[in-house]
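Chain IDs A, B, C and D follow the sequence of writing; residue 1 opens each chain.
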Amino acid sequence: MEFLSLNILIFAPLIVAGIILSPLFPNDEIIVRRFAKGFSGILFIYSILFMIFFKPYNTGYQFKETIKLFSNTNWIEPLGISLSFGLDGISVMLVVLTTFLVMLALIASKKSITTKHKLYYSLILVLTTAILGIVTSRDLFLFFLFWELELIPMYFLISIWGTGKKEYSAMKFVLYTFFGSLFMLGGILLLNYFHFLNTGIYTFSIEALTYSRHYDIPFIVKALIFLGFFIAFAVKLPIVPLHTWLPNAHVDAPTPVSMLLAGILLKMGGYGLIRFNTQMFPEMIKIFAPMLIVLGVINIIYAAFIALAQKDLKLLIAYSSISHMGFVLLGLGALNTIGITGAMFQMLAHALISAGLFLIVGVIYLRTKTRIFSHLGGLGQVMPKAFYFTMLLALASLGLPLLVGFAAEVMIFYGAFTSNSLDGFILSNQFMTALAAISIIITAAYLLWMLQKIFMGNMFEKWQKAYDLTPQEAIALTFLSIPIVLFGLYPEGVTSLFLPFVDNLVSNLAL
Amino acid sequence: MEFFINNVWIIPALPLWSFLLILFGRIFNVYENKYISLALTAGSTFIGFISSIFILFYCINNPETSTQYNILWLDTGNLKFSIGWLVDNLAAMMLVVVTSISLLIQIYSHGYMEQDKGYHRFFAYLVLFNFSMLALVLSTNLFQTYIFWELVGVSSYLLIGFWFYKPSAAQAAKKAFIINRIGDCGLLVGTLALLFYSLNWWTSSQNILLEFATLGQAGSLALANAGPVLFGLLALGLLFGPIAKSAQIPLHTWLADAMEGPTPISALIHAATMVAAGVYLIARLYPVFELSPQIMTIMVWVGAITAFIAATIAITQTDIKKCLAYSTCSQLGYMVLAMGVGAYSAGLFHLITHAYFKAMLFLCSGAVIHSLADQQNMKYMGGLRKKIPIVAYTYLIGTLAIAGLFLSGFWSKEAILLSLYIQGKNLLLIIALITAFMTAYYMFRSYFMVFEGEYRGHAHFHKPSKIMTVPLIILAVPSALIGFIFSGSLKSIGIGSFDSFIFYGHALHEAHVSLFLPICSLIIATLGFLLAGIIYWDKLKSLYCNCFKLVEKYFSPLYKLSTNKWYFDDFNNLLIKYLILPISELISIFDKYVIDGFINLCGISTLYKGKAVSLLQNGNIQTYLVTALLSFIAIITVVFLIYII
Amino acid sequence: MEVLQFLFFGMFALVIVISALGAIFCRNIIHSIVSLVITFLSVSGIFILLNADFLAISQIIIYAVGITILLVFSLMFTTTKDDNKLWLAFAPRTILAFVVAGTLFILLMFNITNKFTDFNINPKSFITKAPKESTIELLKKQGTTPIIGKQLLTKYVLPFEILSILLLGVIIGAAVIAKKDTNEKNRASESA
Amino acid sequence: MELGLVHYLILVAILFCIGILGLIISRNIVKILISIEILLNAVNINFAAFANFGDLDEAKGQVFAIFIMAIAAAEIALGLAILIACYNNRHSIDIEDYTSLKS
């Protein structure tokens, strides 16, 4: 296993991005794309190896690595900041998911990206580094660094290759996330400071900060730190009052970027909530669990209702994304093994499904140059393959049994229903879950409505020439469909990766 | 026979394999031949049918046994959901019904769909439905039922929307799925609640979670934990599933629209099997429902009202498939009514007889529609008995059966009426009898309008092929006889009555049999037949003395009510148009202008703040000086204040 | 003696304040300059009260004569007819100016007078030191001029020399800046 | 009561504030230069006062006052030269006309 190095996994994309961007590299679109695609494929296979050699029953970090400077010291020794990476139960899934979706996004980039190829592919690879860094860093400072680094390529990806009010959307996305990270930075510094006060050691190591939690931080400070982290992740997830960047960013981003945005970036919020808010502050999450559940239910129902009223295909998918991320919150709020497992699984499910749906939106937009429902219709006759893929994705999204969305929803509903994190009648877990269950009707309504409006019914004459999926699109969608069906039939294939971790997490909560 | 019992998984697995074979065969263009799809579909069902027959015989011989086998599907935390198969008398019976009807309908479909572009797609969907339905029938626990419950729903969605380029079909498919989702939502919440209130029992007793075999004990525990009110809500949630699936009021409107699908689908899914799954689930959940008398009352009245209202609607329908659809709805109401009053066996008996004769009726109507080039309106039919006698006579058999005139429907309906009579529920009995009268009336009306008199249409007529008529003839046999066979009259040759085979609790032994009720219902059915004949049959039209016009004149509001289907659809549309959509629009506007508006306001206000500050930079050096001094003074003041404090 | 000192101080201070205000608020710029000259002269009086005879004389020579002549000369070059209209800046800034000046004054007083409570003690940070006997003798005989001269040519000789270079630079610079730019003139005539 | 440092400092404060006031409210550039002179005078008095009351042996304050006077002379000479140059360009001594600092 010597050949499995996280450093290589994380920094290889950055180096390749540099190679692509260097003036020595040929400025030919095809060469650039093939090179990037090939590299992402290798990266995906390499990350798969990590998953294979990962030992799920081991709840701590694995593949630990720390980059030392020349004098064999840590990166910023006086403040206890180190360049250390590691994988554990929740990050291993996200690492593979990231490389997988980056590969698919690059495959799907052929038609939607028409200018500045070198810059585009290198930015995507920088983004990959940032995301891999977020999920694997074992140092809070490093985590924050990657968290911010991810914004830079994202800003350019949206504002250069986007459509519509792209600068506005990109700026909104960046400012929103900055707004959230500000609170997180405050939380990180407070945490570090209080750790220093109590132990006399400056450290940003996540392990140290997580497992030495018994030192005494005043309650109010703890709550402040918790909320600081929470706001940052709430923006990213997104949670309802802080969600308005998402429709803009999704609608104006180019298709592959939308895929990555929905598929991976939103998951960073969920990852953060589990990694920091739950693992680091078990006693606070118990206090704030009712808030999580209520916000989750609001997310689910509110966004579903909004999706019902949308006239734009991409906006509909964007709001359905928000609605589905509410399930993650609901599952987390349950605070039991099954709920948190469900939340994790929902992240996977949503990543696969929404990436596919955004790809479909891109496919349709390429053919018709419109995303407004009233201009579409009857495309199923000329684009049968797209129709069947969309149907599969829509059915998976509305939680059809034996597809990936269902297992997640069942786990979350079950977890939330049987948990006791709330008491009272209206504010009981049972009532809130029942309320959230209404969403399965609304979700079905808007997704089937979407299917009907786009693919069914009478066809406009002008779409007669719309062509079916190109090989690239078909391959990308097939790649997405395989895990959707596979993990729908056999969810334990994934859950077994992080189940011991979650078990450990929940047993810590009980302390 | 043990072999079939132990390998019962073959029955649903074969259709699944066929589905995958057709799917991948079509994706990779392995074959073009239509017979391969047909062979895969019908072959898998045929093997299933044979095994089901063996299983049924095994169950008849060993009536008290039930076999189940489970595989752990999801094992996370304390959640251990299993999928498996359960074979008991009820399942065995249902297996035979489902496989036999499916088989015949698949053969029939070949004739019906031969010219269609989507032939392979049709069979793929069909076989997918078969898989889901069989797995639903065999499910061992409520959770598995839920999974396949939704899968049959989605197969139904796919098949209703088979001709997706027709806007009405697309609309109907969506409607069917969404209304079924309402039921699913209730079922899901009910399941979760049941599980929640009896969780400790399940975990301590090491049973399969939510398995049907021990649902009674869990249910009573849940009742103790939850109290009667919450338990009632729970059971109501569970009841929502069957209400939606079996098209009971108020969630019945999808069934009539579902007739947009190809007619074999209407026969298979929307008459014989899937809609009956609601009643089947009620039977499976009987131990839970039984614990809450209020829910039983609700069930009774839902059934009774559905039976009555659907029958009144069927009276005036001119579309032959819609007429049959409302008839299905009405008959399902009978079954639910029977389940509600505790006539468990009678309800299921009616389910089975109804499955056969209604499937046959739909297939007949399909043959008629097919031969008249997709003409569905009965006003443009007539006199078809001379052209397609086989279809006409089989339709007549079905009509007699459903009207309760001696053929199979008579026996099962009689059992329901009898249990109402025994329990002294006179009001319900009267409703049921009125419904029976209307049933006879509208069925004979449709028969007369289609097959008797003169041909009123213009469409070119062409004879249906043999592959379509042979299944009709085969289906006519059980339609006619199955009631009699299982009525208990043949006990002497070893075939016991239905309620000694499938029962709840303990077998009902001969209650006192009076001849009053059968005669009464026969008279009522005959009256319906006569009324229909008077109005619609040429040979009896001499008796027609303007009474129809009188009816139309004096009962026109009622007539309107009936043709407009009691305004349920309009009500639903109004509800959606003026409640749901405005709410979502409102929330959307709120989101766009209030929440996002607030955020943008923050952004814009920053811009204006910047502008305001930049006013200071007007180029006048004195302004800069003032600003600098003010800042200096502010800083000094703060420093001073800090020192003072 | 004490009373006389007070009397002179009060007189000079009053004249300084009034004439300084006059220098600022007079509409006519010539009146302002005259008022300014009065201020300069009174300040030199204050210097005398402060045992700074050399400063007093320098004040009169440099300020009251040199600078005033410069001002008057430059005025001759630049005056236009509507100069009298240029009185006060527009209202908001004038009000703001009073606020700033007032606040600054309050702050200064606050510090000088030890939080407004005690007008007698000097600022704490400044320790009043009585001069040596020899210094007093020197002052009585020759004034402060020898002391300043000694300082300038010993301790502060470097700043003194730098200052002389600065003055040289200013003389040249002022001449260059004030000289009419020939190119500029040509361009102006061309455009005209 | 003795005539002490504090009285001189009060005078200085008043004079300084008058200077600041004049600096801000004047529109005529010459008047602004006048205000600067008033400010410098205030500072000079301050230096002289501190020299008198604390440091008469070395009279450092007076030495600095001399420096300031020299620099004031230099400043007014340069300032007026710039004024004349500006006037040659724009024919105005109104400070409001000189706003080229704005972008």
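To be clear about the criterion, contacts are C-beta pairs under 8 Å (C-beta built on N, C-alpha and C of every residue); 3 or more make two chains touch, one makes a residue touch a chain.
None of these values were measured; they are calculated from a predicted model.
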Where centres are the averaged C-alpha coordinates, which chain has the largest centre distance to chain B?
-> C
For the chain pairs A-B and B-C, which is connected through the larger number of C-beta pairs in contact?
-> A-B
Rounded Å distance, chain B centre to chain C centre (Cα mean) = 102
How many angstrom between the C-alpha centroids of chain C and chain A?
-> 70
When the C-alpha atoms of chain A and chain B are each averaged to a single point, how far apart are the two points in Å?
-> 38
Distance from the mean Cα position of chain D to that of chain C, given in whole angstrom = 5
Residues within chain B bordering two or more other chains = 622, 626, 629
Residues within chain A bordering two or more other chains | none
Where chain D touches two or more other chains at once, by residue number | 20, 24, 95-96
Chain pairs satisfying touch are A-B, B-C, B-D, C-D
Chain C-touching residues of chain B, taken from the complex the two chains share = 622-623, 626, 629-630, 633, 636-637, 640, 644
Interfacial residue positions of chain D with respect to chain C in the complex | 1-11, 13-22, 24-28, 30-31, 33-35, 37-38, 41, 44-45, 48-60, 62-63, 65-67, 69-74, 76-78, 80-85, 87-89, 91-96
Within the complex, which stretch of chain B touches chain D?
-> 617-622, 624-626, 629
Residue numbers on chain C that touch chain D, as the complex places them | 2, 5-6, 9, 13, 16-17, 20-21, 23-24, 29, 32-33, 36, 39-40, 43, 46-47, 50-52, 54-55, 58-59, 62-63, 66-67, 70-71, 73-75, 77-80, 83, 86-89, 93-94, 96-98, 100-102, 104-105, 108-109, 112-113, 119-123, 126-129, 131-132, 135, 139, 144, 147-148, 151-152, 156, 159, 163, 166-167, 170-171, 173-175, 177-178, 180-181, 184
Partner chain A, residues of chain B touching it in the complex = 74-79, 81, 146-148, 150-151, 154, 157, 161, 164-167, 169-171, 173-174, 177-178, 181-182, 184-185, 188-189, 192-193, 195-196, 199, 580-581, 583-585, 587-588, 591, 595-596, 599, 603
